[in-house]
Amino acid sequence: MNLRDQKTVDQRRKALEDTVKIKLPNIGKFSLDEKVASSRNCENMIGVAQIPMGVAGPLKISGSLAKGDFYIPLATTEGALVASVSRGSKAITESGGADVDSHRIGATRGPVFKVKNLKENRQLYVYLKEHFEEIKSVAEKTSHHLTLKKYSTSAVGKYRYVRFVFDTQDAMGLNMVTIATDAIASYIKEKTGISCLALSGNFCVDKKPSWQNLINNRGIKVWAEVVLTKKVLSEILKTSAQKAYDVWLAKCMLGSAMSGSMGFNAQFANVVAAIFIATGQDAAHVVEGSMGITTAEVIKDDLYVSVYLPDLMVGTVGGGTGLATQNEALTLLGVAGGDNGKNAQRLAEITAAAVLAGEISLLSSLEEGTLAKAHQELGRGGRR
Amino acid sequence: MNLRDQKTVDQRRKALEDTVKIKLPNIGKFSLDEKVASSRNCENMIGVAQIPMGVAGPLKISGSLAKGDFYIPLATTEGALVASVSRGSKAITESGGADVDSHRIGATRGPVFKVKNLKENRQLYVYLKEHFEEIKSVAEKTSHHLTLKKYSTSAVGKYRYVRFVFDTQDAMGLNMVTIATDAIASYIKEKTGISCLALSGNFCVDKKPSWQNLINNRGIKVWAEVVLTKKVLSEILKTSAQKAYDVWLAKCMLGSAMSGSMGFNAQFANVVAAIFIATGQDAAHVVEGSMGITTAEVIKDDLYVSVYLPDLMVGTVGGGTGLATQNEALTLLGVAGGDNGKNAQRLAEITAAAVLAGEISLLSSLEEGTLAKAHQELGRGGRR
Amino acid sequence: MNLRDQKTVDQRRKALEDTVKIKLPNIGKFSLDEKVASSRNCENMIGVAQIPMGVAGPLKISGSLAKGDFYIPLATTEGALVASVSRGSKAITESGGADVDSHRIGATRGPVFKVKNLKENRQLYVYLKEHFEEIKSVAEKTSHHLTLKKYSTSAVGKYRYVRFVFDTQDAMGLNMVTIATDAIASYIKEKTGISCLALSGNFCVDKKPSWQNLINNRGIKVWAEVVLTKKVLSEILKTSAQKAYDVWLAKCMLGSAMSGSMGFNAQFANVVAAIFIATGQDAAHVVEGSMGITTAEVIKDDLYVSVYLPDLMVGTVGGGTGLATQNEALTLLGVAGGDNGKNAQRLAEITAAAVLAGEISLLSSLEEGTLAKAHQELGRGGRR
Amino acid sequence: MNLRDQKTVDQRRKALEDTVKIKLPNIGKFSLDEKVASSRNCENMIGVAQIPMGVAGPLKISGSLAKGDFYIPLATTEGALVASVSRGSKAITESGGADVDSHRIGATRGPVFKVKNLKENRQLYVYLKEHFEEIKSVAEKTSHHLTLKKYSTSAVGKYRYVRFVFDTQDAMGLNMVTIATDAIASYIKEKTGISCLALSGNFCVDKKPSWQNLINNRGIKVWAEVVLTKKVLSEILKTSAQKAYDVWLAKCMLGSAMSGSMGFNAQFANVVAAIFIATGQDAAHVVEGSMGITTAEVIKDDLYVSVYLPDLMVGTVGGGTGLATQNEALTLLGVAGGDNGKNAQRLAEITAAAVLAGEISLLSSLEEGTLAKAHQELGRGGRR
């Protein structure tokens, strides 16, 4: 199916339904179950914000879990983004698809405890070390979907920060881990007399750019790669391996270094934001998802490109994923609902492949003239 | 009007219409003008993602431009957020309101030029310095809504990065400044023979966390402050000045330092994301909006709290702001459409005040037990 | 003994010899054993740079290993530094001394391996995990003073970074761990066919400011604390608890946040540099030693102050520690030579206590007028 | 002259005296003028630390000010460093020398002022803007060697940070600018009633790693570059353009990004520390000098390499530069004493060229086997 051949939104959606063999009854109409949304997702609800949803693809992915040709739902108000990911997807698919790998790190909570002095701080350090199994047991009683995997800890003065790392299966899991950490904190208080000053001491780190997460990771970490052939580079991307490489080096490496950035990439945030909003993720987690590194390497006339996303907090159950339109976007990707953590990981892998498509497309169009032209034609948002 | 007294979404929206004296015909129904959205905001459109929109407030603001009592539209799928901002808004309003100040910095584009060697790099440095007025004139010919204010530049090896700072009135302006920078790059090429390697060399820095933007700012920078009285602290926020201060110090200062974070705050990203989605901003700009610093100071039994947002890329015209539901959210704030840059600045000031409300609320609820309880009651997103 | 009562350098040194009951025959004369230095420490040697060495103290320390009253040797060319540490030492000592705690992390080397693709990258990940004991055995064959404690690893595209953490007893150990890592790399090559691209891939991270080291630590990490009494604050430090606290918050917390600094402190680098040069450490490691966090807390009219140094690369054997004057400085501290790692740890603890003294002194003198006056009187280095 | 041909330290020093046509009477004997050092450089002085000084070179430099063949004095206790810089110097010199460029930024002081609220904070902002000429005049009265060039300012809550940028001619200037800033603070207090909370609010930023300095620079910023020929690469450096490039990319770019480092280089700190100690600079400024970026580019079989040092705080008068051995090292470089700021700038350019030599050498020796071997042969500091 060629998505661009369809003339109206309805025709395009129906063609997609036929191709993927699913039903998408909600994204084309006002479909919110107000009672559910009012009680679960949003207090003082007065209605909805409606964000246009487009699809890019098909995007061929060969992941550790996600395998196949995917149509990527992107909810965005910024013209040119869907076109950009579509172009990248075409380039990837015609180069044989994206290879993707991922590791489950887990949702983290980083409470801070206040002690009397260094001596008591060391006591708490020792307590944590010696009583991990008890703490684990206390945490896991709060939900049968949650496992406490490990923790790291660091101290400064009278403060001890602990970063608990949980597996929360297919849920993004922040609510669960907050409740589990609260139980842990109560237990530690009971056993040691040491109080938790704040359940989140910005040691998690939740929804803030941080080297903690970039270096030690959070959620799911994902890599995607592809070797773009010379033909694809010239015909689809209108560039050459060397040109795209030069842009990558000047922008994603040296430019980001010059700017003190945590994003050594071209446009991770654009793609992550559009997928997150479409699929019911917490939009504030785009902050973490914007961090990461793109690499490139010229191999004769071909170009190897990879992306590394160290911190994707995603889920396929809970939060916004149950809302009608969002759930439909997950269904389109074949990852709606729970599957012992595998659906969330599939979603992360698909996200990384789409991010790779966005990188490839932008790195090919940043030369003088090209990007501005795309903005001029597609992104008519700005007044001129 | 007490928003919580209303029983259904429709009743609440109508009560709000009566209170603010506006009409909100779109956010309660499927209202997208597909033709417009298809051509301006989203290619390959198949429908919409619907994000629940709630309101927090009234929030009393005394800004340099935004003045009055505001109802803040928040589009979110995360339970507890609207309630949190509402509680903070109540605390602020009953303490006399938030004082807000702002500076317009401007939209930036940071192209990278490739030269032959250090000597030519210095020549380009000198060229830029000596021909700023010409460059300005070239840039400003591309749109009568755009002014080139200044630039900064830095070099490494054969690369010269230039950060052009534009005023784009009430538009967020990224499209405009891309087109203007393209014209500048062509002009420089013509005059010096030096090519622009990439129109964005991650020196802007667009949609990536960066010290460049935190230190040298981007978009609009905003501050908001309030002195919470002892009464408000105990009755509304269920805490004391000292307790909230202790949480702030351990979390926003020391915790963020321990984690290598650019967000010395509690939850900027949550509030910024919800306002951005509601009002049609580019959701990927939440990344930049998540950076910033919260301060606190105990004054006898009262608590001074302030927020500093160094980088808010917002607009009230262009992009997603013209979509029906988003435009309605802007209308609710009284900032829809253009007003010589003042509407965008008002929106930034309102955003900062709402962010302040979110900080106050979260810093009051992070002690053991409280946050987890709120998540348990309101944020039923996570499975348990 | 009151050091200031002595009139000449010789008298002061002799008084110190009597007090500490040691001999310091070298620091007062040209004493370098050129043959040793030429072959071990410096090629193409033409002579020596002579750096004035002063002492601050006595400084009372109650560490996990370092215990007693210490005279701190400081080699510096910057007037006012020794006076500053002396004042801080007096304040600490009269407040009962500094409590100090430390953890041995270990010297690290972070090689980077180049693989063919993500698939091979995962294979290397698995290989490392499954063959740690073998790798450990290979590493430990290179020196009987070295133990491989653990490793962490992270991948991006075709690169895998591995951070090996070694215990090197009382040696700073960088030479040892380089040789051990070389052996590991050869072994991995032999077993997997995967080449090490660089023995140090800036993942160690050696002699560069880095969040990797600040968050995950390197060398020895140390904390020191003291509660300064009201009397000490007013009589010795000419300040009050609140005043010094206010300076700390504005400078070490908010100021460092505003500047994107890894040093949330007042002057770690000054003290670390002076001790490192005096005791024969690698001066380039001052970079790492400059990172860290100072905390403060007002307790009625007293002031709690602590320092946290996450990354001290120090040794008491090897490198410059064997040179005559440097060895004498170590002897003055009672930590010359090896003691199963304990001497290096003692040196780290003493360094932290001295750093604490420097912080206390500077935070007390940064108010208007005071610092400039000290510079004017003691630091007559700058021309006026 | 071939330095390695000389058999003893004395012979080598004499050969150097003949070659450069200077006298070096002090670095070969105990030569400190205790009275001067005691009163200017070091309180409680008990003697000296003696650091072996070697020379690397000749190093051919074509700078904006420094021109000629230089012998680089390096004071170090770490075996292999002088040999490494020597090798790099030879490679550079045989490739035609290093091109060097530099900009004078200036010494900075960043005081923090405390105000009552945002309103007063804005008033101070306006005051600074409108009274710069007065402030400049007040500052410049404190020394006729000092000029106030400009300032930047940023606010958070009740704090206003101001970064004053001074030209201090050939002095590193920190004492001078502290005194000048004190005068400014008193003047502002007098005129506005607003107090300076701390003369340094870590907004300078002095002796701490910081993005402020990396992005906005401090002291002197310098670039050096060279194109290494294929012959030099293979014969002197025992590598190829592609191999050295691959190491650079994996280490200085990707490795530093993975580690959250501010040093996108191989070993800036080693060379900067050795030159700083030899020439009487403040050793704590090595922290700032360790920041910076190395670039590389393969040009057929040649290799372009450059270094960028954004923040070199150096002087040729004042501080430790007047001490006998240090002054002799400056004399060796032809930059002792004052020359309207030009000597300090020459020293910065020479430092950058030497840093370039260090980079070239290390990037050529990081492959498996080579570095460890050098450490084994020359750096016999570590016990094995």
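Order as written gives the chain letters A, B, C and D; numbering starts at 1 within each chain.
Going forward, a residue touches a chain if its C-beta (ideal position, glycine included) is under 8 Å from a C-beta of that chain, and two chains touch if they have at least 3 such contacts.
These figures come from a predicted structure and were not determined experimentally.
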| item | value |
| --- | --- |
| Equivalent-chain rotation between subunit B and subunit A, CA atoms, steps of 5 degrees | 180 |
| Subunit C against subunit B, contact positions shared by both copies (same if over half, else different) | same |
| Distance between the centres, which are taken as Cα means, of subunit D and subunit C, whole angstrom | 21 |
| Centroid spacing, where centroids are CA-atom means, of subunit A and subunit C in whole angstrom | 39 |
| Shared-contact residues (touching 2 or more other chains) in subunit D | 154, 156-157, 159, 211-212, 215, 254, 256, 258-260, 262, 293, 295 |
| Residue numbers on subunit B that touch subunit D, as the complex places them | 99-101, 117-119, 121-122, 154-159, 211-212, 215-216, 223-225, 260, 293, 295, 297, 304, 306, 308, 310 |
| Of all residues in subunit D, those that touch subunit A in their complex | 211, 214-215, 249, 253-254, 256-260, 262, 264, 293, 295 |
